[in-house]
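Following this line, the structures themselves.
Note that subunit A is present in both complexes that follow, paired respectively with subunit B and with subunit C.
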Partner chain A sequence: MNYRLMWRKAVNGVMLGLTGVCALLAVSVLFFILGYLVWHGGKALNWDFFTKLPKPVGEEGGGMANAIVGSAKLLLLASLIGVPIGFFGGVYLAEFGGRTFAFLVRYTTDLLNGVPSIVIGIFAYSIVVLPFKHFSTLAGGVALGIMMIPITLRSTENFLLLVPRSLHEAAMALGASKWKTIATVVIPAAYRGVLTAILLALARVAGESAPLLFTAFSNRFWSRGWDQPTASLPVMIFTYAIAPYEDWHRQAWAAGLVLLGLVLLTNLAARLVMSRGMSARRS
Partner chain B sequence: MHMSVNLALQKNEAGPPQGSQAEPAADLRLRMRVYNLNFYYGSKQALFGINLGIAANRITALIGPSGCGKSTLLRALNRMHETVRYARLEGAIRLDDENIMGLDVTQLRRRVGMVFQRANPFPKSIFDNVAYGLRVNGFKGSLHEAVESSLRRAALWDEVKDQLHKSAYGLSGGQQQRLCIARALAVNPEVLLLDEPCSALDPVNTAKIEELLFHLKEKWTIVIVTHNMQQAARVSDFTAFLLNGQLVEFSPTSQLFTTPADTRTEAYITGRFG
Partner chain C sequence: MATVPIAVERAGPGWGPRTLLRRLRSGDEIAHLATLCFAASVILITTWLVYVLWVNSALPRHKFGLHFFLTSVWDPIFDQFGALPFIYGTLVTSAVALLLAVPAGLGAAIFLAELAPQRISDALTFVIDLLAAVPSVIYGLLGIFTVVPLLRKYVQPFLHSTLGFLPFFQGPHYGVGFLAAGVLLAVMVMPFIISVSREVLLAVPVDQREAALALGATRWEATWKVIVPYARIGILGSVFLALARALGETMAVTMVIGNNPRISASLFAPGYTIAAIIANEFTEATGDLYLQALIELGLVLFLLTFILNGLARLLILLTTQRGTAQE
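Coming up: the complex of A and B.
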């Protein structure tokens, strides 16, 4: 009897230790990456990095101003394409979807979510780059936009489905049409979740380099327009990291840090705006 | 089926009902009429041949054990059943002299308002909750006046007048339910349907709402579903007893609770089942 009790206690202790260690490992990976990035990137980071163009090979210094602006332009385009399609598609699935069609849409968006990003790059290459005959910001934006659709769509659907039925009924019993109900009650009740999901989708595609390699390509200079190739942070990181120059490696670390910082900053700013919006309405 | 006041209509009979002694005929007008209503959820029939008249400016209570179809009947009155997949009905329901199935559903629901079992205020301010129905119906006029008068009618104004722009979720359960009543009254419906409005409230708040209903019937026609027989006895003028989807008895409340005509009614109100 006593032996069994000790055995149980031992098993309990071992399992507690095992799960704890795994949880700790999961957390520490993130902190390890963060720390490593700050350690290496911080050293190379200076004001020039944000304001100057890349220097020609062999010259020290310079920055990635064009890549920062390029990434911002690509993300803007991606949002313009991915957010409306994903959002309204999600509204359709949550509120109007018939059984068969909704199943089909759900299944295909889940599949789309699993399509390797480089394949999406090839797709954008063939529908945008080939007809225009050159790499462009537009093509990169299309590739990233397509990647945003499934995440935005499925999370919009899920957050709308979380809104209680009783709120739909309350609005409809007051003579609101179905669309009025969705626009004035359901979406406002779910917008925080939806917005968070959109930001996560944005953060996810912000770090994609594969689909940009042969769509937006890259550029050592300022991009001259939406139909011209542009530099972007992920592709710059890739190019600089595999280059044989010490200085480029340092700059790649810096670019990684900036990319991460910008993503975190967007998240933080959005959260702030959201919480302020809420407190203004509740006070 | 026993029809002591002849409020329960015969098939195809649309003429004015004869009043009972307690309710002089001149005073009694029917606002809604239900003719031979059969209701189905998919292949399962929930209501069987219901005939019922709803008197204007009176409170009609629907009572019966769980699953007897009383909520289904109530929700059919403003076509809320249409939000449920595979729900369908046969028969006719008339509001004044129009078939409600022929009306635009948003128009109908503006004229026949509904308050639900659980208070369901929107995650908006108190003011916006009451103003919601007015806004979606394109109300032109002073929103503030309309909101104030609705809140006064729901006996909530004095408690919330200093916090109109605070979230409705900060109110107590009873206040939230009165807010929902104010919200329903704001669009000035002709009929107010209440689906067990007090089932989640304590006795004090229940008493407040019952008193409120008593005042509201001067201006509105009210139909209330309730689990609570004492409540039906206290507030209603007419009571319909439903059992297994059938209307067993429909009489003036005092009569139904003192001298029920049907043995099943008697068994139910004396607590022998349900």
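Coming up: the complex of A and C.
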């Protein structure tokens, strides 16, 4: 009996220890990625990276200024598509949604969220690139915008639902109509949450390269317009990493560091906005 | 507890003695319609997406039919397209990923939900959420320059010498291939398994554990024999979610899979996945049949993830609702 108890206690200790090891392993991956990128990317990162165009093959140096601007343009386009649809769709679900239709919207949104990014790329290719007959910044923006919709929409809905019911009732009791209540009471109360949602959605699509491969394509020079192909950081990392040149690998690390830095900082900022909002509500 | 809000909610859209005219004048109906349009556009876009995939893959669907999924010749020059090697590669890499990620992810989730003190659990969950935000191309970058050399120099020779009698661990050590892609995918999907499983485990009613502990179970026994079985459907849901992610993952896999459309039993061999071939060949596809064959592969990928995601949501919904209902 005693042996059995000892055995059970030993199993208890070992297995619980193992779960701790698993958690530690998962967490250490992030620090490994960060450390490795800072180590390799830091060495390659310099001022030229942010200000110069890529050099022709064989010449050392150059930078990715066009890719940084390209990524910014793509994100701007993506927000123009993703934020309004996501935000107002979220308002609909939280405030007006009926039963069947709201369920349908929710389900479709989750479905869209799960569509592989490369398939979204095919979609954007078919509806924008094919009619215009060439790759364009616009097509890339459309692809990223579609990817932003589900994240923005569902989080907006959730944050609006968090607003206490009593606020609605107070506003309506004062005679405000429903949309006035939403616009002047509910949305201002939830704006931090909505901002967080938009930032998180931006951070997610900023790192996407699969849908850009055959929509925004790539460009070794400045993109001359919204209807022209453009370089973007994630696609540049991909091209440079699989290329056989040492100098390109160096730059891929630098670009990786910049991209990861931006994505993680946006995530941190989003969570900071959120936690501030939470503590303000509690006090 | 909250009877008043419920009463207001029940009153629903047609509340009060207001007529349609009054509501239109006060802007309610306009706001309703406007937001409805935005919400409906989501359904529109998704339907459009399915339609585009379906219509633009008509040529190969008519020419090859079901044969498309059963042949393994991919020869654009002679217009022969078979999807089997890509489907195989996608399934094998995802299976390897799940084999590695599910035990580790579940372990970590148990630690976070059951053992770690609140503060530590929150901090670690935060880090894991950040991990989920790392772009896929960054994983690919690290894959090419660290995982692949490590596998080639140390892991593959080791597996070869110890488990080399199995067909999975034979052949030359290239580094790139199914194993490399599987390992990267495992790291990428683990955050999803951890965060969803953690939530599912936290939704298990406390009295379940208390009852087990009161009967004299050790902490591990209470967790493994009571709480995990209680939450198993939700955990299965998290695995499906992870599988759907792994199937559709493109960049990291494309960078380490080796891009070789062949079916081989060995995990050391280079292969190809559906997402990777679309990424690599879409821009250089000449001719309608070639392009549409790639789009049909996209359609296959879409359907696979569609089914898995649907199942996953259903399973997670089932457990979290049951958990909260009994609290």
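We adopt the following convention: the second predicted complex is superposed on the first by the 246 of 283 C-alpha atoms of A that agree within 3 Å, B and C clash if a C-alpha of one lies under 4 Å from a C-alpha of the other, contacts with A are read in each partner's own complex, and residues count from 1 in each chain.
Assume a residue touches a chain if its C-beta (ideal position, glycine included) is under 8 Å from a C-beta of that chain, and two chains touch if they have at least 3 such contacts.
Computed from a predicted structure; not experimentally measured.
In the superposed pair of complexes, A:Leu213 makes contact with subunit C only, with no contact to subunit B. In the superposed model, A:Tyr36 lies in contact with subunit C only, and not with subunit B. After overlaying the two complexes on the shared chain, residue contacts for A:Pro188 are found with subunit B alone; subunit C is out of touch.
A simple residue count on subunit A separates subunit B from subunit C, and the partner touching more is C.
Of the two partner chains, neither subunit B nor subunit C is touched by A:Val57. Once the two complexes are overlaid on the shared chain, A:Lys180 sits against subunit B and subunit C alike.
Within the superposed three-chain model, A:Ala170 lies in touch with subunit B and out of touch with subunit C [touch as defined at top].
Looking at the shared chain after the overlay, A:Ala269 reaches neither subunit B nor subunit C.
Comparing the two complexes, residues 166, 168-169, 177, 180 of subunit A contact subunit B in one case and subunit C in the other.
The touching residues of subunit B, counted against subunit A in their complex, run 78, 80, 83, 106-107, 109-110, 113-114, 116, 118, 120-125, 132-133, 135-137, 165-167, 170, 180, 183-184, 187.
Every residue of subunit A that touches subunit C in the complex is listed here, in rising order: 8-9, 11-12, 15-16, 18-23, 25-27, 29-30, 33, 36-37, 40, 84-85, 87-89, 91-93, 95-98, 101-102, 104-105, 107-112, 114-123, 125-127, 146, 149-150, 153, 165-166, 168-169, 177-180, 182-183, 200, 203-204, 206-210, 213-214, 217, 234, 237-238, 241-242, 249, 252-253, 256, 259-260, 263-264, 267-268, 271.
Listed in rising order, the residues of subunit C touching subunit A in the complex are 2, 4-5, 8-9, 13, 23, 26-28, 30-32, 34-36, 38-43, 45-46, 48-49, 52-53, 56, 103-108, 110-112, 114-116, 124, 126-131, 133-142, 144-146, 187, 190-191, 194, 218-221, 224, 244, 247-251, 254-255, 275, 278-279, 282-283, 294-295, 298, 301-302, 305-306, 308-310, 313.
Within the complex formed with subunit B, the subunit A residues making contact are 164, 166-177, 180, 184-185, 188-189, 281-283.
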